[in-house]
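Multiple structures are listed underneath, in C-alpha cells.
Each of the next two complexes has chain A plus one more chain, namely chain B in the first and chain C in the second.
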Partner chain A sequence: MVFSRLFFIYIFLPVCLGAYFLARGTKMKNNVLLLFSLAFYAWGEPVYVLLMLLSAVINYTAGRLIGRYGDSRKSRITAGLAVFTDIALLGVFKYSGFIVENINHIPSVELPVPDIRLPIGISFYTFQTISYVIDCLWETVTPQKSFRKFLLYVSLFPQLVAGPIVRYSTIEKEIDERTSSITDISYGLNRVVLGLAKKVIIADQLGIVADSLLGGIENATAAAAWTGAAVYAMQIYFDFSGYSDIAIGLGRVFGFHFDENFRHPFMCRDITEFWQRWHISLGTFFRDYLLYVPIFGKRRKYGGLFLVWLCTGIWHGASWNFVIWGLYYGLFIFIETLIGKKRMKKIPLVIRHIYSKAVIIAGFGIFYFEDLDKLGTFFTKLFSTGRLIGLQDRILLVNNVYLLILAVILTFPIIDGIRRISQRSAPVRTAAAVSLPAVSAALLLLTSILLVDQTSHPFLYFRF
Partner chain B sequence: MQTDNKKPGKLLAVVNIITILAVLFGGAAYLIFLPHETVAEDENRRLASFPEFSPKSYIDGSFTGGIADYFDDTVHGRDRIKKFIAADITPLKGRKYGGDEDGAELYGIAFEHSEETPAVTTAAATTAAVTHTTVSSPAVQTTAVTTAPIPAEEPAAEGGEINSNILVVNKRGLPLYPGGDVQGYADTINEYKKKLGDVNVWSMVVPTAGGLYIPSNYKSLAVDEKKDIDAIAAALEGAVPVDAYTSLAAHKSEDIYARTDHHWMALGAFYAAKAFTEAAGLPFKELSEYEELHLHDYLGTFYGYTQSPTLLNNPEEFVYYRPKNEVTVDQYDTSFRDPLDVALLVPSDNMTPSGYYYVFGMDNRIAHVHTKTGNGRKLVIFKDSYGNALLPFLTYSFEDIYLCDMRYFDLNAVSFIKQVKATDVLFSMCTFSATGPNLNCLKADMYK
Partner chain C sequence: MNRSDVQKRLNSIFCDIFDDESIKISDSTSAADIEDWDSLEHINLIAAVEEEFGMKFRMKEVSGMKNVGEMLDIICERGSK
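Right, the complex of A and B next:
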C-alpha cells in the first residue's frame, strides 16, 4: 500500500487512528500499531510479508545473542552473520537479476536471469535491522527482549515503505513509553497533509513536465535537458520529502519522534552540504556504519568515501545509472574534500551556488535515465549548441509556469520563515494559527480531488 | 501550515485536529457509503469492480490490491470531479502559450521537426514520440467493457499502437505527426498491386487535423503530412493514389474534422469519398440523399487524453449522415465467420454523446455491405478507424463493400480479396497509420 491513495487516506488511516486511540495503554496501542503495520505491508505484499518476518526473526535473535555474549568474539561473529544474511537477502531480492544480467555479458556465459519482484520497502527495513544489530554490538542500544516490540520497530508502517531509515535508538524509549499530546497530534496531522500535498499537488504534476522535457531527449535542446533535469530534481524532492513528511507526521500522531530526513537540500552551497540535507537518514547510516570500515587501511578516508558513494548509488536501484550516480557524487565530494572546507568557503557564494545546482541537476539526469545510451545523449544535449530552446519547450513551460514558480518557491524554507515571523508578531501568529485548520482541510481536499484523477486511464494511445 | 510550534493555543490545536479528522472520516463515509460509479465514458472503460476472493488472488496480491483499486477507481461523482479538475484546477498550473483564449496547450512529448529532419522520415522517428508517464502509485487494474452501452475495448494490435502528442490551439486538438516510413507504405501497396493483378488498387492516405489546421507558427512541432502524402503518391506503381488532401483542404472552413477527437467528422469522410468515386469514375450522391443526425456536446478522445480545460469548455456538435438507400449489412469476426445482421450505423436509441465508435461501430469486425447499386463493382477496404466513416458514402457507388481493419484481420488479405471477387481495393487510412506501426499489420496481412 502507498500513502498517496484514497484507500489509504480515507479507509485505512481513519480505521487505524480510531483503533489506536480507542486502545488503552502503550501495550495495547503497540498491538494495534503492529497489527495495522503488518496489514499495511501484507496488503501489497501478501507473500513477502513472510520475508520481512524472517528478517525480523534473524535480527531479533542476533540482538538477543549479542546481548547474551557481551563484548566477545561470539558477538562479533553473530553480528557479522546477521549483517551478512541481511545483505544476502537484499542481494537476492534486489540485485540478483542485475548481477546475472551483467555476468551474462561475459562471452559464452548464459545464466538464467532470476525474475524476482522487488519486495516493497526491503531496502529500508534491511538497513534498519543492520543498524540495530551493529548498535547492539557497539552497545549503543540495549537488545530488545520482546520480539513483538522489535517487530513493531521493523514493520512500523509510517516509515516502512519509503523511509526515513529510523534507528532503533530513536524510538527505543518511545516503544515502551510515549504519549500523543494534542499538539503532537495536531502537528502530526498537519505534517501528513503537507506530505500528501507535496506528493500529489506538486511532485506528480512536476513529473508530467519532467517527462515531457526529458522523454524525447533525442530531440531536446540544451535548455530542455537542463530544465527537464531541474524539474525532475524538484519532482523527486517533493515526492520523497513528501513521503518523509507523512512518515514523520504519522509517527508524531502515534507519539514517535522520527528525525528529519530533508532540510531544504537545494539551499546547499556545495555537494557535501547537499548530502547533509538530502535523505539524511541514508547519509548518516553510511557515515556511521560504512565510512570507517577498516578495509582500505591508511587510505580509508578516500577508499571509504568512494565505497560509501558506490553503495549510496546502488542502494537506489539495481541499474548502472545508479552506480554512476553514486560515484558521480562521490567524485565531487572527493574534490571538495581535497579543496578543503576553508578554501571552499573562500569561493564566492554565487559561484558555489551555481556550481552545486549545476552538479545536482546533471546528477538527477543520471538518476532519470536508466538506459545508458539515453544517458549519454542527455549529457551530449546538456552541452549542445544550436537553438537555445525549442517551441515545444516554450509552450510546455508557459503552460506550467505557475506550477514551476510555486515549486521553486517551496524549495526554500517558507514555513520556517512564517514561523519565525509569527514568533515575532502576535497578529501574524494568530492569523497563522487560526487559518491553519482551513488551509490543512483545503490541501487535503485538493489532494483527494487530484487523486481521483490519478485513477484515470485516458487514451494513452490513439487508435486510428 | 503549522510547524513544530511549542506553544500553539491548545484550543486551536483541537480545532485543527477536529477539522482534519472531519475531512478524513467524512471522506471515508463518502467513499464507502455513496453509490460507486461503474463506467468512465470519457475513458471508454468499465471502472474497477470489487475483486473476488480466492487463495490465489490473495497470494498474488490481486485481491487486496483490487479492493484498494475498487475504492480509488469508483468514487461517487468521479466524472464531475474530473471535469472540475479540468475546468478549475488544471488552468492554475500556467497560461496558454500566446496568452489569449485561443492560445496553445501541449500534451505529451512533442516531436519537434527541425530543419535537419528529412521530409521522408523513417519508422525510427515514430518511436521518439512515445508518451512516457511516471506514476509512483500502482496502476489501477480495470476490466474492459464487454456489453453496451460502452463499446468493447479493442485488443492490442500487432505492430503496436500509434503514439503521438497533442497541441490544443484555437480550441482544437491537433495530433502532431512525427513522420514515418513513407517508402515502406508505398512498397507495401505496390506489392499488393502486383499480387492482385487486374484488380483496381487505390490508395487514399488521409491527413489528420494536424495536417490541415496546424497554425504556421506551430508547424515546427510536426512533420508536414502533405509532403509525406505526396511522396507516397509519387512512389506508387500501378496502384492509383486518391488525393483526399486537396478535397479536404478545399473545405477546411467546414466542420470536416472533430476538434475534440482524433478522427475526422463524417463531412470530411464525405469529401474524401467523393474524391475517390470521382477518381474511380463511379456514381456518387450529394448530402441531400442522406439523413442528417446530430450528437450534441460531443467530447472526444482528445479530451479523454488531455483533460484540456479548453476542450472541456468547448464541446462540439457531432454530425453524421445516414444514407436513404436500402442496404443489408452483415458483420463477421476477424476470420470472416459468424455473421451477424446489423445496421449500417449504430442505432441512435439510448445513444450517449460519447464517441466516434458509437456512430460508426468498432474496428474489430469485418463488415459486408450489400447495396442495390447493381453495377457489379465490389470493393474491399483495408482501413484504420478513419475508414469507418467512409462506408456510408460509398453505398451508392458499389454493389458490395467489405470493410476490413488491417489491425484486426486474421486471413490472407490477397486471398480474401480474390475470394470475394473484388473489382476494387481501397487502402484508406490516416498518415499515422500508413507510415507508422500499423503499417506492419498491413504488411503482415499479405502473408497470413
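Right, the complex of A and C next:
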C-alpha cells in the first residue's frame, strides 16, 4: 500500500488510528500496530510478506542465540551467518537478474536470466535486521525476547517500505512502553500532511517537468539538460523527504521518535556535507557497520571510503548507473579529503556552493539515466554549446515557473524559520496555533484533489 | 599503564592527526568538540593510536567509542607499549 492514495489517507489510516487509540495499554497497542502493519504490507505483497516473516524469524533467532552465547566465538559465527543470509536474500531478490545479465556478457555463456520482481521495502528492512544483529553482537542493545515485538520493529508500517532505516536502539524502550501526548499527535499529523503535500503537490508535478526536459535528451540543449537534472534532483528530494516526513510523523502519532533523515541537503557547501544531510539513516548505517571493516590493512581509510560508496551505489539499484553514481560521489569526497577541511574552508563560499550544486545536479543525471548510452549523451549535452533552449522547453518552464520557484524556496529551511518566529511572542504563538490546522486542512484538500485526478505515482524510493 | 601518561601521548597524537597544537583532550572530549574529527579522520586517528600503543581496536570499539575517556580505558587495558 502507498501513503499517497486516498484509500490509505481516508480509510486505512483513520481505522488504524481509531483501533490504536481504543486499545488499552502498550501491549494491545502493539498488537493493533502489528496487525495493521502486516495488512499494510500484504496489501501490496501478498506473497512476499512471507519473505519478510522469514527474515524476521532468522534475525530474531540470531538475536536470541547471541544473547545466550554472550561475547564468544559462537556469537560471532551466529551473527556472521545471519548477516550473510540477509545479504544473500537481498542478493537473490534484488540482484540476481543483474548479476546473470552481466555474466552473460562473457562469450559463450548464456544463462537464463531469472525474472524476480523486487519485494517492496526489502532493502530497508534487511538493513534494519542487519543493524539489529550486529548491535546484539556488539552488546549495544539487549536481544528482544518477544518475537511479536521484534516483528513489529521489522514491519512497523510507517517506515517499512522506504525508510528511514530505524535502528533497534532508537525504539528499544518505546516498543515496551510509550505514550502519545496531544502534542505528539498534533505534531505527527501535521507532519504527515506536510509530507503528503511535498510528495503530491510538488514532487509529482516536478516529475512531469523533469521527464519532459530529460526525456528527449538527444535533442536537448545544455541549459535544458542542467535544468532537467536540477528539477529531477528536487523531485527526488521532495519525494523522498516527503516520505520520511510521513514516516516520522506517523511514528510520532504512535509515540515513536525516529531520527531525522534529511536536513536541507541542498544547503550543503561541499559533497561531504551533502551526504551528512541527505538520507542520513543510510549514511550512518554504512559509517557504523561498513566503513571500519578491517580488511584493507594500511590502506583502510581510502579502502573503506571506496567500499562505502560502491555499496551506496549498489544499494540504490541493480544497474550500472547506480554503481557509477555511488563511485562518482566517492570520488568527490575522496578529492575533498585530499584537499582537507581547512583548505576547503579557504575557498570562497560562493564557489563551494556552485561546485557542490553542479556536482549534485550532474549526479542526479546519473541517477536518472539507467541506459548508459543515454547517460553518455546527457554528459555531452551538459557541456555542449549552441542555442540556449528550445521553444518547447521554454514554454514548459514558463508554464511551471511558480511551481519551480516554490520548490527552490522550500529547499531552504523556511518552515523551521516560520516555526521559530511563531514561538517568539504570545500573540504570534496563538495566531500560529490557530492557523496551523487551517493550513494543514488546505494542504490536505489540495493533495486530495490532485490524488482524485491522478494516475499512479508511487514513491520513487520504493524501487530500492 | 599509567592513565595520565597515556593521555599525554594520546594528546600529541590528536595534535598531530588534526594538525592543531592547541588541542587539549579530556575524558569527555568527543568528535563534536574537534571540528576535523569526522568518520574518515577517525580511521587515521585509530591507525595512529594502534601504532603508538602496539594494540588493535575491535570494530565494535572503532565504531562505538563515544569519547576520549572510552578510548583511554581501552588503551590502558590492552596497550602493550
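One rule holds for everything that comes next: the second predicted complex is superposed on the first by the 451 of 464 C-alpha atoms of A that agree within 3 Å, B and C clash if a C-alpha of one lies under 4 Å from a C-alpha of the other, contacts with A are read in each partner's own complex, and residues count from 1 in each chain.
Convention: a residue touches a chain if its C-beta (ideal position, glycine included) is under 8 Å from a C-beta of that chain, and two chains touch if they have at least 3 such contacts.
These numbers were taken from a predicted model, which means no experiment stands behind them.
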Handout entry: Which of chain B and chain C A:G390 touches, first, second, both or neither
Key = first
Practice task
Considering only touches as defined above, state whether A:T140 meets chain B (first), chain C (second), both or neither.
Solution key: second
Handout entry: First (chain B), second (chain C), both or neither touched by A:D176
Key = neither
Practice task
Classify the contacts of A:L305 with the two partner chains as first (chain B alone), second (chain C alone), both, or neither.
Solution key: second
Exercise for the section: Pick one for A:T337: touches chain B only (first), chain C only (second), both, or neither. Expected result: second
Practice task
Would you sort A:A438 into first (chain B), second (chain C), both or neither based on which partner it touches?
Solution key: first
Exercise for the section: May I ask you to decide whether A:D288 touches chain B, chain C, both, or neither, giving the answer as first, second, both or neither? Expected result: second
Practice task
Mind working out whether A:Y402 is in touch with chain B, chain C, both or neither, as first, second, both or neither?
Solution key: first
Problem - Greater residue coverage of chain A in the superposed arrangement, chain B or chain C - result: B
Problem - Of chain A, residues touching chain C in the complex - result: 137-138, 140, 272, 287-289, 291-294, 298, 300-301, 304-305, 337, 341-342
Exercise for the section: Could you please specify the touching residues of chain B with respect to chain A in the complex? Expected result: 1-6, 8-10, 12-25, 27-28, 30-32, 40, 42-45, 58-61, 64-65, 67-69, 71-73, 75, 78, 81-82, 84-85, 89, 92-97, 104-106, 108-112, 114, 128-138, 140, 142, 154, 161-164, 167, 175, 218, 220-221, 262-263, 301, 304-307, 363, 384-386, 429-430, 432-433, 438
Fill in the blank from the handout: Note: in the complex, chain A contacts chain B through residues 1-2, 4-11, 13-14, 17, 42-47, 182-183, 185-187, 189-190, 193-194, 204-205, 207-208, 210-212, 215-216, 218-219, 239, 387, 390-392, 394-404, 415-416, 418-419, 422, 432-434, 436-441, 443-446, 448-464
Exercise for the section: Give every residue of chain C touching chain A within the complex, in rising order. Expected result: 19, 35-36, 38-40, 43-44, 46-47, 59-60, 62-64
